[in-house]
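I have a structure here, written as structure tokens, and I will follow up with some questions on it.
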């Protein structure tokens, strides 16, 4: 038996050695430390603020980087307020020149890229550098659309960068006429044409300033080293599992907002008014991509907040859309809010069958039982989309349920007959592409297939992974496809540009929709400042699109978020990222949760 | 011995070249262009073109000194796999994923090995008896249940229902805590095939003449099994064990996925989901290299266990 | 014959193998005894059950599927079949040793020969490691291996077949056994080496006074070396006799056939055509009814009694035993019926 | 000595390897039960093909039909319960046999079509051809199998090959088939090399048989049993591979397959919906068990030597 005993000891030894080798010391030993455990539902791409192209990367980067402007945390409707800017911009009468003052005493976090490792003060030239960098084509930023055709001289800078050999050869000292820095605290922006959405975009994550020192020092590795002026610093980024951040000790004096909307005081959002932020010392973003483990980790108190998976909806929410007693016993709070998004089945307008056949597109759109769809897949939470403007937008048309397209199988059948006449015979089997092959995607695909079968139309669903799907959409090689859009800022223009003919694939107009009348309207409305008149035009544009039917709009998501009661100041916000600085954690309550859990069980 | 190793290593060169050719054909020739995916949702055609240039996708495939094929070779031979889709160095990703993967697979591996070799010895000793039949039937039954079902049920009962183990990785857990259940599941799923394999190995040895000789000497069964049989059985065991080591580095695709263990298996699954050929290519290549190296090590180990083999 | 003069006595041994294809009665009703100091040969074609008989003595029948179903084996006045496994281990390798046919595979390839001999010595004798190694070297020298000091540290694969068989013998006789079972010890070896090995066995027998149970299919060996011979055919002993008698006057047709198939040298210039026994050894799963040899027998093949009733091994005078109706002198069916009335139907 | 012809019954039968093996196999009750199970699965798959061909609307074909509400547990009406759309899990499970068996059959077919000729050619002709073939399979086998399958499946998916669009199970069995011929090829090569030196081949050569004739008339029949045994054991692995590929989103998407069902059950389990998972697992379990036991029995019966290779 010696052989076995020896081997077993060896095995134990190895096990221990490995565990000792990579055991991260358990954080939170210091009981005074305030720690937030947030969930990161999907892996993020990188933390180079100029290249951030998705919500979750922005959510993380928002803790490190600060833009000129931000949205007020508490006020609704959403209002832009200064962040590192001293005040709102001074706008010239023609709306083409913006003068923006920058706060003094804003420092970058300490980092070894700076001389002596001490973060230096933020200067106006950091913005200019950051934006030229986005313009630099060799940098391949996903965010060029922000500035495309907007700022005087920046497009020329982009042209110039094309001729450079590599990103490193691009000379950032090259003058861009529309971006001037009279002094370190003043930024002058000159526009080619009116751009009323600019303040929203100056609050949009990719436009945050970046220190040239960091870009030079880290080179391509900048994706791993976010050096910003924000309230937190990156400590550990374990891409496969979690991101750990700590409070930035150099962070300037910032305070919790003092005013909110009615009801905020009752909601407990005003308990910390005037307190210095951030309040949390340490932040964990734990990567849990799948619903089930996330939900269970939440129930066990391992993460502070989580959305409700569709398969556990019944466990959390009762028929009256309130928390179930089980959740209430656990002191769990529910926050619901409407997302600024729309999901649809898009039609490729350049497709031979679909493009020329409006009746067919409409027939398909009328054949979708959106209510059932939302019931089956989203626990009845979401709003039906009759048009593309989501209800949270100011331009949302209250009459849209009557004006837009909803479920009407009779009408759909009628239209289909018409469509067959237009087509001149029996319609071929259409292909519907889905950017995923997971269970949900497959079930949704099946749902549509059944819906269209009821209509009398055969479709074939092609499931593919997201990259392939994207590739096919961008190369116009799909017929029907399932996609959606989340607004980056609270201006309906964000949706309108999706139908602008100059944005056809590989741009954002994946429908390849082209209507000169709409284009003309879009060009007119895009430069208009906010006014009731503009809202009217937005609605007109929406109806125009609905009539042409380049897509069957399905739903607007409504989020149901649960959080534990130790997670204070949890007010949902749909545009601002980097909200951890407002949060407060009651560590005692969290510590007591284990007992509570036992008691409830 | 040194010359033997060198000669043996030289034999591996064509294999490595073969692997390079295969990965190139798979991921570059058949796999196709990835520039659009990199460019993102607001991409312009010119950005896509620039990306193609940056990644060398517009170069000729084969017939040029600066062809993609030659570059593929160069990068593989220097272990420079470039950057993944998220612009992180592929090498960094792999380095980081190795430890969690090993923390999962090494205990699993030794657990399976020790339990299954011991069981196999016992079962081989009582061969032909009802216990033997029972063991074989249980093994085959275990092998017949899909791996995925094992994991699902294991996670469901032990973590969700009974709450005996953590459900998922969490930064406040020690590694021992969060690998416990996946290791357990891994061991249980691995036992069937392994016990059966080692039983066959042991039976082959037990049927040998030298075992009869040993019994004829008057040795008891324990001595015969542990002294004589086990050392001879070491040869097939070592082959299996040493050749399994490269797989340890790969982690476990499904277990890591289900338990959120940030290892190489998880990395691989994600790379598949996002068609990140850079990562898949690097993983394929590295594991092939490891496999080839461990093949050589296996041969050397034979020499250590089996006196009949000499390296001259 | 006094009991004390016997080294080994087997009575009515039956061994069966229970396989998927049916029960194979490998050994049936085998009885013989080996006197102290003599060489007893068990002769037969391969598959006739002689090796199984040998393994039964050692109680090394692979079990399952094999099983000793009847009979008794008496060694040293003790029934081996009744001993506990532990006591039996004390006999194996110590009182009864065995050497096997295949010297190539019978030694463990991963241990040195010294190691394997020492293991046997230390198992049965209270000797120090060093003493045992010295003994091992001595044994190797005794079995005629040159440079035993070096050889003792070699692995089996470094030796020739003959040398390995010498090592096997060294291992077997290292504890001075009373009985050595040699199961085809020379079959796998070259002819020149065969004689050396057999000579060695003779020498050792003289030195130690042990009995040898020599199992072989080679009658030539038997003629030279054995004192007594038992011939086995298809699981049964068909004839037992003193070696000389058997060669002079074989009684059983099978023995006759075997002897006729031997090349005889020195009988003048005339080279006789060697005769063979037609047909093949029956499969133990499908033994023919009656005398198992009858399908191949030139005498009794068409005889109804031979086809119907199996003859028992019986003394036919002169201390000779044979299992053949003809040899036993039962010429007619009436006689057999009479025999049956005496001894009961088979 | 009188020569005498032996009567037939006495003569040890000159049975062929096959007759002998099959006879022995036939005596094993368990193996025969397993064989019956396998036949049943194949018949089911064949039946579904047939029914689809003639558009015969029997139960499994109508798996898309709503037979009840969403996620209804097993009841007397729906023995295996229903899924999210109220489709019968029983029908889906039955239909899944078609997908799984198609995948495993096609993959086996591909691996045999590649592996056997290559192995035979390499073993028979040796020389440069052999070196190249050995190089190819050494290369393939130096990449961990699961990685190799995944790499093939990822790359092949949604590609168009010779006008064929590789969707769903097509890319699955191509990926499995194109990667799994290696073991078979190696086995056949080794066996052919062994047989090549046997007397009967040398004899055939000596009276002037062509290479092709020797291969087809003499060598292949003698290694054929290996192909069958290999096939029976590999079939199981292929069914299981389909499950994993489906889980990774590389498998069938539009029709129910066992892999897809288990994958779907991953989420359902948390609402206590276990029947889909159990149904699919059981379906896989029984055919795997049957194939495993039958394969072993077949191997033991036909070629006990091979036990070593297991």
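Each chain carries a letter (A, B, C and D) given by its place in the written order, and its residues are counted from 1.
Here is the rule we go by: contacts are C-beta pairs under 8 Å (C-beta built on N, C-alpha and C of every residue); 3 or more make two chains touch, one makes a residue touch a chain.
Note that the coordinates shown come from a computational prediction; the quantities given were computed from them, not determined experimentally.
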Interchain contact steps from chain B to chain C (minimum; 1 if touching): 1
Pair joined by more contacting C-beta pairs (B-D or A-D): B-D
Chain whose averaged C-alpha position falls nearest the assembly-wide average: B
Chain centre separation in whole Å, for chain D relative to chain B (CA means): 24
Whole-Å gap separating chain C and chain D, where each centre is the average of the chain's CA atoms: 50
Where chain A and chain B are represented by their mean Cα positions, the distance between them in whole Å: 38
Residue numbers of chain B (touch at least two other chains): 160, 272-273, 275
Residues of chain A touching at least two other chains: 465, 468
Residues of chain A defined as touching chain B within the complex: 1-4, 7-8, 10-11, 14-15, 18-19, 21-24, 26-28, 37, 43-46, 48, 51, 53, 137-138, 140, 142-145, 148, 162, 220-221, 223-224, 238-242, 244, 284, 286-289, 293-294, 296-297, 300, 302, 465-468, 470-471, 474-475, 506-508
Complex contacts: residues of chain D adjacent to chain A: 64, 70, 84-85, 157-158, 167, 249-251, 253-254, 260, 263-264, 266-271
Contacting residues of chain B [partner chain D, same complex]: 14-15, 18-19, 21-23, 26-27, 30-31, 140-141, 143-149, 152-153, 156, 160, 196-197, 200, 203-204, 246-247, 250, 253-254, 268-269, 272-273, 275, 280, 283-284, 287-288, 291-292, 295
Interfacial residue positions of chain B with respect to chain C in the complex: 127-129, 208-210, 212-220, 227-228, 231-232, 234, 305-308
In the complex with chain D, residue positions of chain A that touch it: 291-292, 295, 309, 311-312, 314, 376, 436-440, 442-443, 445-447, 449-450, 460-465, 468
